Each structure stands twice: as C-alpha cells, then as structure tokens.
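Quick heads-up: structures coming right below.
The same subunit A turns up in both complexes below, where it pairs with subunit B and then with subunit C.
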Partner chain A sequence: MSVASADVAEYATWLGDDSLILAQRLGELISRAPELEEDVALGNIALDLLGHARSLLQYAGTATAQNEDDLAYWRTEPDFRSAHLMEQPNGDFAHVIARQLVSAHYLYELYARLQASADLTLAAIAAKAVKEVNYHRDHAAQWTLRLALGTDESRRRMVAALSDVWPYVDELFRDEPFIDRLDGIAARPSTLRTAFDAAIEPVLAEADLAVPRGFTAAGGGRRGVHSEHLAFVLAEMQVLTRAHPGAKW
Partner chain B sequence: MTASVEEQQFTDLIAADSRIEPRDWMPDAYRKTLVRQISQHAHSEIIGMQPESNWITRAPSLKRKAILIAKVQDEAGHGLYLYSAAQTLGTSRDEMTDALIAGRARYSSIFNYPAPSWADIGSIGWLVDGAAICNQVPLCRASYGPYGRAMVRICKEESFHQRQGFEILLELMQGTAAQREMAQESVNRWYWPALMMFGPPDDDSPNSAQSMKWKIKRHSNDELRQRFVNMLVPQAAVLGVTLPDPDLRFNEATQLYDLGEIDWTEFHEVLAGRGPANAQRLQRRRDAHDDGRWVREAAAAYAHKMAAKPATDTADADVPNEAAS
Partner chain C sequence: MTTPGESASETWPLWEVFVRPGRGLSHVHVGSLHAPDEALAVRNARDLYTRRSEGVSVWVVPAAAITTSDPDAKGAFFESPAGKDYRHASHYSASNGVKHL
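This part shows the complex of A and B:
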C-alpha cells in the first residue's frame, strides 16, 4: 500500500469513520432483528461496512505510521470525522431503514465517483465498495417500500423515521476547505448531491413518501464536532482495548 | 404383529443405512423425535447468538470484530437451515418460535451461561463449538436426509468457529499477564458446562437408545464426551491453559482420559430454568420477536398488496400503491 499524504489521510479518515461508526451501530442490532433473515442481512451489511472502514483507516494510517486499530481505538472524539447521520442511535426498525436508505444512496454515489480517483488506493477500495453498497441500497429501498406501504402502523413509523433522519442529509454533501487540495483525488461532496437526489427520489415516490422539510442539522463531524451520541459509541467500542494498552488481540 | 408394508420399507431403509426423505412414510415417534431434536438445535443456534453478540460492539480489534460478526451471522444461518429441515416434517417455523418464546421448547443449556469476558468468545469457540462439533459430525450421517445434509454445511462452519476460538485464546495466552489470566479464568468457567453439553451419562439418558436404533444418533453421550476430552487435552497443552479438573488423567489400560465427577446437579438446575442467564436469554428473544411484529406484519401486508395488484401494474415498479395511503 502506498503512503497517503496528510490530506489524503484526512479524507480517507472521513470515509473510514463513516463506515466504522455505521457498522458499529448495525452491530448493536445483530440478534435483535425483527426476522432471522434480517439478522443475517444486517450482519452482512455491517461486515461490508467494517471491511471498507478497515481498508480506509489502514490507508489513512500510512500517513502517520499507525494501523487501523490505533485509529479506531486510540483516537478520541474530536479526532473522529464521522458525519452525524452515522452516529444516530438505531431507534426502531424504520429508523434503521431510513438511515440505511440515506447512507447507502450517499455511499453508492461516493464510491461510484471515487473509482475514477487519481489516487489508486482510494480507487481500488471504491471499486470493491461500490458493488457492496449497491446491495445495501437495494435492501434499504425494498424495506422502505414494505414499511411505507405495508400497514398503517408501519407507514406512520416510516414517515416519522424519514423525517427524523433527513436533517442529517445535508452534512454529507458539504465541502470542507481542504477538499480544494484534493482535486481529482476526492469526490467533492457537493457534486454528489444531484445524483443522490435523482436516485433516492424515485424510491420515495414509489413508497409514496414526501421528501421531508424542516430541520437541517448543523453537523460538523468532518471538523470533529459531533453529536452527543458519538462519545457513547466510542466508549463502548474502545473500552476493552483501552484497559490493556499495548496488548495484542 | 406383522409390520405394514410402509413400516417394513422404513425399517429396511434404516437397516441399509439409507436416508429417509420428507415424502417417505415414517413412524410418528420418529417424526416427533426429529422435530424435537432439530428444533432444539435450531433454537440453540439462535439463543447462542446472544452471548457472542454481547461482544460485537466491544471486540478489541477491528479484525476480531469482523470475525465475530461473521460468526454470529453464521449462527443465524444455521438456525435458518435447521428450522427449514424441521419444517419438512410438518412443523412451521412460527410454531417452533412460539414454543421457544413461551418457554416450552428447550435449547442447549450452555447458552444459559453468561459471557462477561472477552476471553469467553475464545472459550465459546474452542470449548462450546468444539463440543458441538463432536456431537454434530456424526449427525451428518443422521438417517433423516434434510437433517443430515444441513449438518454437513453446519459442521464445516463450526470447525472454522472452533479454530477462531482457539486462536483468540492462543493470542491471549501469548499476551500480557492480565490477558493470560483472562483466558484461564474463562476456561475455568466454561470447561465443565461444555462437558455437560453431551447430555447425562448413558445410564441416565432416556431417549438415547431409541435414537441410536433409528440411526439419528450414532454414539452414546459418554462416548462423545470422552472423544471431546481426548481432543482437548493436547490442545490445552498447546494453549498453555489448565483444564480445571484435578482428577483428569490418562488411563493406560483404557487409552482414554479418566474424568473427575461432573456436577449433574448443576446440569439439572440449569435445565430446570435456574441457570445464570435463562431468564435473560428468553426475554431478549421474546423482545426481539415482539418488537419485530409490526415489521413482519408490514412485510406480509405489502406482499399481499403486491400479489393482489393486476399483472400490468406490478410490472411497472414506479407506480405508487394507492391502497396504502
């Protein structure tokens, strides 16, 4: 693996942290899903995302001679770069699906674009990831339809979930100044929005769901400003490792 | 009394070591025994996800986290194959699930022990999956076809699970003093319950004889337990852990290990619902089932609406379903 520059490492950390925190959230659900088939499906998705996170964090770590575990377990909250969407608690299954619908559509557009990155490591990671998040997109879209068009209760829950999740969409497409230095390497977030909207809107239309209007969360994850939830996620994820500095597992 | 033609065919198939398939006639008792055994096995896979999923969010490295997610996911998959195998005998998954969450069905008592330490993920793989493999490899030749075939795939995955458990413990035993202590403490807790997984001693195992006659079961409980210990002793030496049985020694005459006394009172207590985590395991399964009801209802309602739509309409995926709004 080539050595990432400081800027590329910062960008790989954005992407790696998004996948890591989302995988961590989905990991909470395994053995608690509404059907055994969903335990398998959510486990699969978590595993894919964790795989992406590991590749991205390994690459980010090359800039500072750290490995994936140094980055996952020994950074503190302000050093994480995850978007607030990925940090949101699972809530009910409709909230899980709403978060999956948005994140998978975002990640798909991101990796589809990043396959053409001038950075060959990022391009290779993206080429593998795009196929997997395409399945995640389909999984979320199918469930969005079932929940939105199933029963009165499921529809009520799906509508509420989408409107709870939607305020966190904007942050995914916000450019941070350092992105200017990664022209041709990073997928500039703001330029992914059109494709995201074009892909997600037909799913919402088929599910007879309106694009929610209302709050837009201030975000800040890319600058290390996180939701209240992240500290709890990290506390749980890091507790054992931090109790045994220097240990191998 | 002479056997009916069907019964004779069944007996001949068993005698010829052939497979009984779902379409074949079989005695009611054979069917009942299989449903009991296969559904218990399926429930064990599903309940068995809990002690391990307890560590997914806290796994101490990303590699371990990935392996653990894959393992727990395999267990859900095993549960699904086994429920399907049992369904071929005419019992629905819903019936089996209802029996489980109502506390009427059994599952392996081992999962009523808690996993408070990371090393327990190692011990569950090494000892619990190891014992399960000893029990299950002979089941690949079980006389009932769908069960035997499900077991072939399950055993392949279980042997991978056992190796990953061994590897977790090996890493701990080669690590810091605190990690070695963590590993030994965990093996101390899991060793005896793992031996109990083979069931009561042969002279106290009411269902065994008939199951062996039907070739569902191929070896006695004590025989399998012995085989397991023979496998463990050299592995424990490689790990550097002590098996917590001061009476364990090799018997030159029998070429087997003599074991200390197993505490069968503990076995019966846990079986009777008085183990460390029986209530918690069942509650968690019931909560997941209850919390998921509205989701399953939505999926069923949606499938029903789609099936009811005219063919031309369903072919067009972009048409919103008006009936739902």
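This part shows the complex of A and C:
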C-alpha cells in the first residue's frame, strides 16, 4: 500500500470515521432488531461498513505510521472526523432506517465518484465499497416504503424519524478548506448533493414523504466538534482495548 | 399441528429458500426464513444464505404455497418400489463398443 500524504490521510480519516461510527451504532442493534432476519441484515451492513472503515483507516495510518487499531481505539473525541449523522442514537427502527436511507445514499454517491480518484488506493477502496453501499441503499429504501406506507403507527414513526435525521444531511455536503488541495483525489462534498437529491427524492416521493424543511444542524464533525453522543459511542467501542492493551482472542 | 408461519407468535409468514450455487446447477433448498413480503424475502435470503458466496441466484417461495406429501402416509407413498429391482437399469449389461456410458 502506498503512503498517504497528510491531506489524503485527513480525507481518508473523514471517510473511515463515518463508516466506523455508523458501523458501531448498527452493531448496538445486534439481538435488538425487530426480527431475527433483520438482525442479520443490519449486522451484515455493519460489517460491510466496518470493512470500509478498516481499509480507509489503514490507509490514513500510513501517513503517521499507525495502524487501523491505533486510529480506532486510541484517538479521543476531538480527533474523530465523522459527521454528526453517524453518531446519532439508534432510536426506534424507523430512526435506524431513516439514518440508513440518508447515509447509504450519501455513501453511494461518494464512492461512485471516488472510483475515478487519481489516488489509486482510494479508487480501489471505493470500487469495492460502492457495490456494498448500493445494497444498503436498497435495503433502507425497501423499509422506508414499508414503514411509510404501512400502518398509521409505522407511518407516524417514519415521518418523525425522517424529520429528526434530516437536519444532519447538510453537513455531509459541506466543503472544508483542505479539500481544495485534493483536487482530482477527493470527491468534493458539495458536488455530490445534486446526485444525492436526485436519487433519494424519488424514494421519498414513492413513500409519500415530503423532504423535511426544518432547521439545519450546526455540524462540525469534520473539525472534531461533536454532539454529546460521540463520547458514549467511543467509550463503549474503546473500553476493552484500553483496559487490556494488546489483548488478542 | 399448526402450519409454520401461521401461528400468532409469528408475525411474518414463512418462506422457503432455494439457492443455485453456480451456472449449470439447479436451485437447491437451503432453508427457510420469515419476511413480510416477497421483495424482502429475497433480500433476507441473500443476507442469511449467501453470506459466504454460496450462490448466483436465489428463489423464495411462500411456504404456504407448497403442497407436500402426507408424512403419515409414508408407507403408501414411498414403500411400493421396494423389491421392484427391475425398475433399475442395473440389470442391463453394457454392449461392447458403446462409448461414454
């Protein structure tokens, strides 16, 4: 694997942290999904995301001679670059699906574009990931339709979940200054928004859901400023490694 | 006896899953699962039964749509061929010069 420059490492950390934190959130659902089959489906999705996170963080670590575990388990909250969407609590099943719907549509457009990156390592990771997140997109869309067009109760929950999750969409498409230095390498976030809207709006329309128009969350995850939720996610994710450094099983 | 997938404690109906492991092979029954409808059944089947690259094609069939032989009538159904060896081709000897037999 080639060695990432500092800027490329920062970008790979963005992407890797998004997948890592979302995978950790989905992992919390193991044994708690509404049905056994859905438990396996969400677990598979979490493992796909964890795989992307490992590849991306491994690559990010080449810039500072750290491995993926160093980055996942030994960084603290301000070092994480994940967007606020990923750290949002699971809530009920509709909230999980709403977060999946948004994140999978974002990740799909991201990796679809990143396949053409001038950085061959990022391009290769994206080429593998895009197929997997395409399935995540489909999974979330199927459930969005069923919840939104199901019973009065399921529809009420889906509408509430979408409006709770939507404020965090904006942050995904914000450019940070250092992106200017990665022309041709990074997929500039602001340029993914049109494709994201074009893909997600038909799903919402079919589900008879309006695009929520409420406030926009402040964000700041890309600069290490997080909501109150991330620290708890990290505490659970990191406690074992920190209590028993170097432990193997 | 209740039909699987139809008891009150099972909210989703039962589906039987068939996976075709490769080109030129037939779909083989691999198990069953619960799903609310056919679109999610085929996705659940993908997640449950093709996690280790087992297949190239998946069929799902509502378990309620399958008509089965009566397990209590096993004798009447399946014991009749016993002793009727002539139904097997094993008593024929291969003719000389026939290839690929």
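In this section, the second predicted complex is superposed on the first by the 244 of 249 C-alpha atoms of A that agree within 3 Å, B and C clash if a C-alpha of one lies under 4 Å from a C-alpha of the other, contacts with A are read in each partner's own complex, and residues count from 1 in each chain.
Keep in mind that, in the parts below, contacts are C-beta pairs under 8 Å (C-beta built on N, C-alpha and C of every residue); 3 or more make two chains touch, one makes a residue touch a chain.
This is a predicted model, so every value here is computed, not measured.
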Original post:
subunit B or subunit C: which reaches more residues on subunit A?
Top reply: B
**OP:** Check the residue A:151 against both partner chains and state whether it touches subunit B (first), subunit C (second), both, or neither.
**Re:** first
**OP:** Kindly classify A:37 by the partners it touches after superposition: subunit B alone (first), subunit C alone (second), both, or neither?
**Re:** both
Subject >> Touched partner set for A:139, first subunit B, second subunit C, both or neither >> reply: second
**OP:** Would you mind listing the overlap between the subunit B footprint and the subunit C footprint on subunit A?
**Re:** 35-38, 40, 44, 146
Subject >> Touching residues on subunit B, where the partner in the complex is subunit A >> reply: 46, 49-50, 53, 56-66, 69-70, 72-73, 76-77, 79-80, 83, 118, 168, 171-172, 175-176, 178-179, 284, 287-288, 291-303, 305, 317-321, 324-325
Subject >> Contacting residues of subunit A [partner subunit B, same complex] >> reply: 20, 24, 27-28, 30-40, 43-44, 46-47, 50-51, 53-54, 57, 68-69, 72-73, 92-93, 145-151, 153-155, 157, 202, 205-208, 236-237, 239-241, 244, 246-249
**OP:** Over in the complex, which subunit A residues touch subunit C? Could you list them?
**Re:** 35-38, 40-41, 44, 138-139, 142, 146
**OP:** Could you please specify the touching residues of subunit C with respect to subunit A in the complex?
**Re:** 11-12, 33-37, 39-40, 43-44, 47-48, 51
